[in-house]
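Both complexes below contain subunit A, partnered by subunit B and then by subunit C.
Right after this comes the complex of A and B.
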């Protein structure tokens, strides 16, 4: 009897072991409605992306999904929904990189995005520091104006920007024109974001440095900027992505094919006269790589940077 | 390592006003001597931190003159004043190591690297920070952070040290240790120091002299014992000492002082007003049975007893006539019980009820037959 009891106890003990408890908790999570909802939402987002990847690596120029699958039977039709290429090939990538001026467009995009990031950060860091630390006439109105400018649709600015940049400044068809436009349109968000972060840095740190003999500029470069790295990383990423992904302004300002940025260049793979979806997909993946790498490099700053800006901004 | 660089500080009618508001400091005259440890003390908003920040150059002087040594510094930027400041929240640079924090000021001033290393290591040695030089402030405790802040101020060998409530963020035990360290450093180096606090124990233990401020006005300046034993007004009397001096309203009958608790025959009261305030230190009160014959005796109901071990604080009286007595903690008292106490008539203070200023009277004017008459 006692033996039986002991066996039962040990069986119960095994069932209630930490590993079993962990498994139970995981299973409970997996079969919850929240999990189902998240899986569904993830599929909605990922499914089209998987098709892009599938198409890029298929070596073909069209989707199997859009071909006629009526004769394939039920299983064939279901199989057609799975985003896997019939054969794997790097042909699309090879063609995009060698037969098309893709590398040229990529260079244009890199120069424009990097220039936008650098100029945007220099302008927004200095402006945000001034807004955060100095009291001057027009300070509050300036901040409010920045905010108001974000409330208008970006398309509204197309014509004024074209007139100013292309007709008045003569900077159409140039990297500089596009860099200026991107840097300045991203400025309000960047200034608010950085100002919010600068506000959280204690004044005493700067006062202490002032007493130690540091100038305002030294304090800005050696104390404030290093401390604001998380916010600067987020702001820089935002500026970079604004410039990297932008299509409308770039397509209007750039007439010369050699000066196209990647989003503008990609458009020509799918136009009235051609529909090279394979090249388009391969190009899109190539365009995403630098942004993904940037995200990975900066991810440790992202959470703290975004939340800091959000709380105080 | 650190030479003795001293400078006096002088406020001559210094006014500080923010925008259109009433002045924070309506006109301060204060002389801080060479090598002195001056403590500025007072309640929140009394202007003590503003005064300190004006010395540092972090606040402008609206009017008047501020001198450090033989230089008028009204318009001198902070970096040219040769002062170092220790802040309440340490104000260390979080992204720099302890060494870099302490070396920052010297590097900004382009000192040779070898000199910087020598000075920082010497200061670290003095403050017991040698093991921590490679750490960053986030890896340090509050006490260690404050020692780094102190070291950062020391390495520059300034003419003046400024302390803005440096111990407020520390726990009680650490505060006592740091207080001792600051006092020792001042005795060792003798640099002119100005220390702001609202803690009168810090003020009493550290200060060569104490300046008490209230509402921007300088109430009194003096050594800790001068302020304790010879206060100029009710505010100072109430501020120094723990528990504070008992202040009881009394009527001046010309030949005696009277309130519901006691009647005290006294000569020389004719020149004072009809309503006075009588000040009595809790520690000057003692049980009536143990007092000399000529001491004044009175009785009052016990309201509450705070037992502190070797002694106890007995709260007595009712209405406006409430007072606290610090008595030996060997007896048991129950609330409501009537307690007979006595005090030396020479140990009382008189203040004008209107101006709240001290009424100084010639000593030994107490009538020989003076004794308590309980109404």
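Right after this comes the complex of A and C.
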């Protein structure tokens, strides 16, 4: 891209204003294959979400069906496929926020998810560093055991987890119990992902630091962790999401409504006979806002070129 | 590091003891699943009660419907949980057999209290002669009709169907009658009209009785000949059609009333008479107040039960909460007596039949639903299908009963088992002792590495490997819902579960032209699981790689694209999966609408194995791409840009750059992501369960949903555990192979050796 830009500059000379140049590059972007792919993918992603949004803002509990469009022309029939509420209303959001202590539950979820992220990252960074940088008896077996833990279906872990966390550790009805379980659940992915990323970091810097007398711990904190920021961002997001959407354990461990997390609160809207999908959709949108904010905060670590200058491969 | 570990452990222990001391309290704990107006009415009643009886106040906890049964079955058998809880009555049979979930209450209550309820509601709460709890409210279906289309309620079934026929215009999406007719709860009305329901008069399973066959034939007639019913109904669709005036009559319950559009002029009437038979007699679900057998405050609990079922309380629950109270005296209140809707449900109760509380009933719901779906789609004949169902359920019931009989006999451990364990323990101890020097030396030499791993390993051992061991142990028993509390020795079975899973070679049933694949077979499910996993992982990793590469370099609007493309990960997938299911609805789904706009024929998505598989595949790929994309984006950051610049100078094409720079350098990140996504997809429960639900007839179930059905729909916990261990073994073999092939165990460049 940079190369093309410089060619461009030389061709057009100093006559072109920066604005014109920017417009030209935007136009070139817009007519590229890459752009077409991204637009198409975004449309596929957005369309089902549009149903959720229109349900949330419709003020009703069940979605309007597609109307009878036999008499309309082709465009009318196509337009009928786009889900839009008949009238826009914030009623569902108002009900979700006032009927139950939703904000409190959201806050609880933030605490639990943040705790999970911190504990998960501490445990997985250290373990992954050892797996990446040391060769010791039991290493391969250890890595494999981390994988095995993901292979047993979660539904059958409910009762034993209840026994351990509530009866043995006495951590029922407390966030710590949930945080521990979530952090450990997220651990295998985090360890494998971070180990893979640490593997790509060159060893030369550590070697010279070791020669200069730095301790392993210093190297880990000062060199490895800063270089691994993209992977830490990804695993952090993953740990956060593990805790953020979990519902069954959260509602089984907690015996106090004030301690519920937000997925538990959302599930109140779904029951055997009738479900308030409008509330559920509105709540879902509210629940996704913190995730989006977190992603926005983390995405600068996922932008290319960050690590390029730091290390020469 | 060690200090950090020690402080963490200290914190854990401190919090643990703190919790333990706070346990004992003088409150009476009540769990319920109400929300909205029902909940407010209950809570205001409880507030009054607490003012009257400050000595033992009640604390209520609302639990979402989706986790209520799990929460009860996790807590109660371990002596934890509430003193009282409110739940539907249909699980009483199973619960009373376990002996740990509910306690008999008759001795705690005066005859005056017991005399408040009609006989059929008390019967509902009674199992094998014992009264387990008091009826609080009841919920049954009735006929709700749009008065603009149906001026007066039909008196007979043929009236109803005749009227429905006039009002149906399938081309325009209008229907005379709509209800969730494939759900057994709704079909009960027909079964009870023709006969005695799933059980005969003496309480034995009789699914293939004359009456049940006729009820299915009648439904088949309505759906296939009269064609007055919409396809693939569910409660949301029914409400929707009614609100738009596109369904003239619906069969539904009081739960629907709050959602009816105010512009619809509706009325409620009892279900019509079947000529020459009884009226359609819907099933009624009784919400009962149950007493925990562990409660130490039984007298206070009985006092609360008395209070909540008294006439003033019942009136308030009906008027403020819109409930139908089981204390029928409340209906004499002028405000209820003057309410035609409440009175219609009240008079429906006279013909309604409580859902049988026989333990076998809980095994029936899902298989009967599958049968109903097959019959209305013309894929099965009522008589033959019910006979097959009868044989299948009878087998499941026999398995449960056999397990229970076995566990009632005292048993000793087989002599060789403790001996083996002892020998194994000795061998381990000897090996440790003999190699103690090596082990100590190993520890000293690699101490740094072990200390780094120790915290994570401890957590894994405690919270993952212990539960896994529990699952393994369970899989060698014949534990079911009914004998859960029996001592382990008398439940011990050995390898039988595994033999019966792996030795299940009934790949087909029927013979000749009738021969069809047995979708319950393990090897079919395994085949589907492998197809499911392979197609999902290949497609989603491929597309995610493509999108990540497209996003990795600057482009106009990059931030926005990146944000949009992670949205499916951010929104709770429960609702998006259901939106996808709705989009695939054969009659009202937007995908078929679009196909028709462009002149294609609509597709019955959930009727054949391939199309049903496709619905799950699309949904899961849509859901899993964002995560994969983020992982790959993170991995791309480790590739130094200088390499590309050097390649460009040498004139390498984009494809060559991708092949020789991007892919190899991405591998350390991609390999674990692929392995884990195979493992997760193999065990992806939600999407299958929510979207296709195994349709048609369980053909699209994967191993994990099958294990769930065995465990939680058939209550054969041990068999489900064995299934899960088989899943684990398969995945373990895969992971061994994959890590070897891809070299995932390699250390970073220049690791300490």
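The working rule: the second predicted complex is superposed on the first by the 229 of 313 C-alpha atoms of A that agree within 3 Å, B and C clash if a C-alpha of one lies under 4 Å from a C-alpha of the other, contacts with A are read in each partner's own complex, and residues count from 1 in each chain.
Basically, contacts are C-beta pairs under 8 Å (C-beta built on N, C-alpha and C of every residue); 3 or more make two chains touch, one makes a residue touch a chain.
This structure is a prediction, so every number in the text was calculated from the model and none was measured.
Shared-chain residue A:149: touches subunit C; no touch with subunit B. In the superposition on chain A, contact is made by A:207 with both subunit B and subunit C.
In the superposition on chain A, A:188 contacts subunit C only, with no contact to subunit B. When the two complexes are overlaid on their common chain A, residue A:105 makes contact with neither subunit B nor subunit C. Of the two partner chains, subunit C is the only one that A:180 touches; subunit B does not reach it. In the superposition on chain A, contact is made by A:218 with subunit B only, not with subunit C.
By the document's definition of touching, of the two partners only subunit C reaches A:34; subunit B does not.
Partner contacting the larger number of subunit A residues, of subunit B and subunit C: C. Once the two complexes are laid over each other on the shared chain, residue contacts for A:226 go to subunit B alone; subunit C is not touched.
Judged by the touch definition given at the top, the superposed model places A:284 against subunit C, while subunit B stays out of reach. Within subunit A, the residues touching subunit B in one complex and subunit C in the other are 202, 204, 207.
Against subunit B, in their complex, subunit A makes its touches with residues 202, 204-205, 207-215, 218, 223, 226-227.
Of all residues in subunit B, those touching subunit A in their complex are 56-58, 77-79, 81, 83-85, 87-89, 91-95, 104-105, 108-109, 152, 156.
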